[in-house]
Amino acid sequence: MSTRNAIRHAATAPAVLPVATFIGLLILWELACRLFAIPSYVLPSPSRIMGGFGAVDAARWFAHVWSTFRVAMMGFLLSIVISLPIAIALARSEVFSRAVYPILVVIQSTPVVAIAPIIIVVMGAGDLPRVVITCLITFFPLVVSTTTGLLATPPELIELSRSLRAPVWREITQIRLPYAVPYIFSALKISVTLSVIGAVVAEFVAAEKGLGYFIQFSTSMFQIQQAWSGLVVLVLLSLSLFQAVNLIQRVFFPWSIARQSR
Amino acid sequence: ADAVTFQLDWLPGGDKAPIYVCIDQGFCEQAGLDVTINGGRGSSEAVTKLATGVSDIGIADIGALMAARATENVPVTAVMSVFNKGPHAFYSLDGNGIETAEDVAGKEIATSPFTSSNVFLPLVLGEVGLSEDDIALTKADPGALGPMLMTGAVDGIIAWMTDVSRYTGQAEEVGKEIVVIPWSDAGLELYSASMIASDSFLAEKPDVARRFVEAYKKSIEFSIENPAEAAQSVANMVPELNAENVEGSLRDTLVLIDNEVTERDGLGVLLPERLAATWARVAEAQGLDASALDPETMVDRSFLPGTM
Amino acid sequence: MQTPPAISFQDLGQCFETRSGRIEALRGVEFDVVRHEFVAVLGPSGCGKSTLLRLIAGLLEPTSGRVEVFGSSVKEPRDDVGIVFQKPTLLPWATIEDNVCFPARHKRGRVGANERTRARDLLDMVGLKGFEKRLPNELSGGMQQRVGIARALFMRPDILLMDEPFSALDALTREEMGLELLRIWEAEPKTVLFITHSISEAVLLADRVIVMSARPGRVIEDIKVPLPRPRGLETSNAQVMNDFSAHLRSLLVAPRAA
Amino acid sequence: MSTRNAIRHAATAPAVLPVATFIGLLILWELACRLFAIPSYVLPSPSRIMGGFGAVDAARWFAHVWSTFRVAMMGFLLSIVISLPIAIALARSEVFSRAVYPILVVIQSTPVVAIAPIIIVVMGAGDLPRVVITCLITFFPLVVSTTTGLLATPPELIELSRSLRAPVWREITQIRLPYAVPYIFSALKISVTLSVIGAVVAEFVAAEKGLGYFIQFSTSMFQIQQAWSGLVVLVLLSLSLFQAVNLIQRVFFPWSIARQSR
Amino acid sequence: MQTPPAISFQDLGQCFETRSGRIEALRGVEFDVVRHEFVAVLGPSGCGKSTLLRLIAGLLEPTSGRVEVFGSSVKEPRDDVGIVFQKPTLLPWATIEDNVCFPARHKRGRVGANERTRARDLLDMVGLKGFEKRLPNELSGGMQQRVGIARALFMRPDILLMDEPFSALDALTREEMGLELLRIWEAEPKTVLFITHSISEAVLLADRVIVMSARPGRVIEDIKVPLPRPRGLETSNAQVMNDFSAHLRSLLVAPRAA
């Protein structure tokens, strides 16, 4: 009951304002396009973009969205699964940290397109390379923020844990991780939007469907309105995932959200 | 000298040699032109840059211009053909059992996701009595196609004729031999890379445009006659390229510029029938309404020297 | 003596290196605490009392000398030691009850039903009945301190180290809690090291009082409390107590005046 | 003297281990390439990549590195300058936060390639569009982390500030921002590597020089060794920038680095 | 009366709404503090003393009734009020001296040379000479508390609110600091509201003592201290003081026993 209420409250209350902002911006955009007669191959007006939605049928749209969503989610979850242990190891061991951090930076800063051939040769052209590419793009913020968070725990609480002679992993799970929760969620918010970007980039590299593919394909066919309609859907997907992360934090970790103090 | 911004449809390379020849060999200067080259990222992007006036004149696939004219009515016009054949081809390795276009049936073929070849694929398959269902198609980054072919991950790939020497080089490294099947041989007759220009440039500086087209044509002829020197011109201007590689791809490219069609119709000519056939193919391939564009409205042949 | 003392300091010294120079916190500290003894430590602010306690707890390594617990040198924290920290040190996201049960959850990973009952009994004992489900930031300073006390008692440690546990409490609560502590100590004998600033509290509760000098902290008096047990509130008014307190007081004043 | 010492210490001490790791990895890589006879267009061996460096002369290399570095830095600094006020506004005002956050997510999740034509048409072909693209890719982690950090300040310190009736901006600069420093540096580390990625992506979209352009160009010309040598330089650039951020934190904000507790 | 009282509570009530129900912290509190009066507040742990102080400071709005300072209702913090918080609340990255100067830096953006001197004098006064350049985590609990006191005095506030300022101090330091406070109060008269758990401290320092009941906190006694000024250490032993303390003590015991 209380959890359900929390969900309902968290889900509805903040929706009004952003929706209003968006509608306002859409109107401005439409007006700008009309007033300045911006050619639609530069920036189509919202009303023309609406037309782009008709380009393919609902089932096809769904297939594109589902494909991008699936890859983004798998990459995102994979990067969470990978980042947590890495972050814990980085926080625990100075030596590991010095040896491994630079390697992570190298991985993070390698442009995916440059290594796409190897990834595809090694992993084929299925979902796997796309999930891996998404994960490569997503994991770094999670590792950095989680590590920082794990190290930010107040020393008194670490002394408490040490004085109890608890196994190290409990110090991590029961003290450091809860303390790192604000850091972790801050990284999750960054990473979840990056995961969509990652899926899109992966579709540029290897795919026959997905929103990134659709946008790029439409652009290469000079179907500008269609490309923009794909972009709109993509952005909505990203927003929903971002809000989902927010909602999870509000419902399950309400104490981790600092209240406004004024 | 009159300033002209020239738009490439992709990065510099041997296939773009004429514009470098034009500058490096002084043809542009002789014509009183000061040419700046803008790199490009695909034909559609080049068309957009011309339409918005970022560049004056440039090279792009005429199919992209046709699609752009049909859907958005962009103010860009074609003035000259450069490739009078489609550059698309199947590549395979000796021993993979692909010798003609018919042989791709039942094979695994890789292509890059956004190449214009993909739209023509059903047509060329149709010419040899196949459909897309008869092949297993994978889409992957262009850089991955060669490695996929050489490592045996696929039986064949779809790539351009301009890259024959490069794929040959890759095959040699693993001791294999390449097989190339141009789609034009399988019946796909069309114009592809063409010189296109923004309408405002043509209207405001027709004289500059005319001089430029003439100088460019001269550069093409120079490249045909002196491929090695032409390649050196490219390497002079683009230090990242070496003349040897450039010459390889220039020679590959010349097949599309100087061939039996050129012999028959003349260099740079856009014949109405072949143009109409190209549009018919493009419309069919991209699912556009064939009546949405009269291809004659998007060409202006008056800038090509010797035609008027 | 056959059995080793519960706690033993041997020529203990402790220095801290900081950005802006070293601080000598303790110098040549040497005393023993016998098993099941209740020892109070008095001393001026900053003389190293908390440092002493962290050394026994194994949270700090001495820079010179030795600390032994039950005859073995302290290298790391021990299971049989419970600590009340000077700051409450509660987990801000856990309820009061969960904070009290935390040692069990943290050591063994789970909290049994008995242990929950025990936690609630302890909370009742420290006067926090009804606050089991609250969060630490909903409690007053003194209430938080009492949660810390309940948590330290939770695991029934052999040795109980208490760093000014009653400092944020009013006189009445303080006495009640002190007598409660004595009751527990008599029912389940344990060794207690009790840091306090209250002379009367030290005298009321302890078998022995250790008085420390200002920094660097040294032991300047180690003296048995000449009062019979069991003690109660009436003890605090006894004449013996007053005299004894006056003596301690003079000790605490002396080093500063010097 | 003490600051100089700190710099020297921070700069030298941690260098040995990562260098050792790298050399180890390079040897493994070289061996793998030779043992499995990996074709150089899939993964060139380090020794062959070294050959790629000879493709262009030092001056040209410098021009590429400088171009990428300049764009990355300008984009990074611009995003810092932009993010801080946005983060402060987001932390201060619930209303602003609700109205603006979704817009930031939209900007963050729009693939640059999809809007590159507009950016170029609007901003011309100079450094500006590249800096803007870099900034678009970089700013989001900074905004999210800084906002989280600003809100994580302990309420007691905020009460202290309120009780002093200080102007709000001093509450922010003297209490909230110092508290947010670990969060901010965690974001700076993420963003500085993203800024290199951003510059590279911008060069993919519009440039005639820079390391990203060089890599893409070399790849499209099948000059794989040359591409990899560009990649190596790029990764080294990224690593240096990352270490520079680390160094700045160590020297100027030593208190913000949580010590390892064991 | 012509001039309004420095502090005035009118039928003040305070409730906290929490996840797990409401807590009534204060009920019908009503008393005045005259300008330059030194008032001590005593009461059991959790009875709402800190809450009372936060209400005067303008950090909390009363859920019912009014709080007035110098005749105007408190809507927000005021410039002429200085606070010693129950927790030290120091900036962990600033040196001790910078922490003491913080009010100046925070209010006006800069710290003058005079102010630095004043900060050092105050630190000297609270016994922390030599610790100016240290960081808070290098200090003991009692030392941190003294830094908080120095900081509150730094701006020479008209009204000084002190929440158990001496709780972490040993008896001697405590008395020294108390007498120092009296000296300052006599030299620069100010209104002081002083929360403490020590009856003798309240009696030694205050003009008046307010005794509060357990939660919900109400005023159960409001009584003048019948001791002449100036007072000193010898006062603490006086017979009057003992009797008076006994009376307060009985008050503090009574409500709980009831």
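Order of writing sets the labels: A, B, C, D and E. Residues in every chain begin at 1.
The rule is short, and it goes like this: contacts are C-beta pairs under 8 Å (C-beta built on N, C-alpha and C of every residue); 3 or more make two chains touch, one makes a residue touch a chain.
Source: prediction; values computed, not measured.
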Steps needed, at fewest, to go from subunit C to subunit E via touching chains: 1
Both-way neighbours, i.e. chains that touch subunit C and touch subunit A: none
Busiest interface, counted in C-beta pairs: A-D
Centroid-based (C-alpha) most distant chain relative to subunit E: B
Cα-centroid distance, subunit A relative to subunit B, in whole angstrom: 38
Whole-Å gap between the CA centroids of subunit C and subunit D: 50
Between subunit C and subunit B, distance of the C-alpha-averaged centres to the nearest whole Å: 85
CA centroid of subunit A to CA centroid of subunit D, Å: 18
Sequence positions of subunit C contacting 2 or more other chains: 87, 135
Residue list for subunit A, restricted to those that touch at least two other chains: 42, 113, 117, 121, 155, 162, 204, 216, 219
Touching two or more other chains - residue numbers and ranges from subunit B: 48, 52, 143, 146-147, 151
Pairwise chain contacts, counting only pairs that touch as defined: A-B, A-C, A-D, B-D, C-E, D-E
Subunit C residues within the subunit E interface of the complex: 16, 18-20, 23, 42-46, 48-50, 86-87, 127, 133-135, 138-143, 146, 164, 167-174, 197-199, 249, 252-253, 256
List of subunit C residues in touch with subunit A within their complex: 54, 57-59, 76-79, 81, 83, 85, 87, 89, 91-93, 102-103, 105-107, 109, 135
Subunit A contact footprint on subunit D (complex, rising order): 14, 17-18, 20-22, 25, 41-43, 91-92, 94-95, 98-103, 105-106, 108-111, 113-115, 117-118, 121, 140-141, 144-145, 147-148, 151-153, 155, 158, 162, 182-183, 185-187, 189-190, 193, 196-197, 200-201, 204, 212, 215-216, 219, 227-228, 230-231, 234-235, 238-239, 242, 257-262
Touching residues on subunit A, where the partner in the complex is subunit B: 39-42, 113, 116-117, 120-121, 124-125, 203-208, 213, 216-217, 219-224
Complex contacts: residues of subunit B adjacent to subunit A: 42-44, 47-48, 51-52, 64, 67-68, 71-72, 74, 110, 113-114, 116, 119, 137-141, 143-144, 146-148, 151, 153, 286
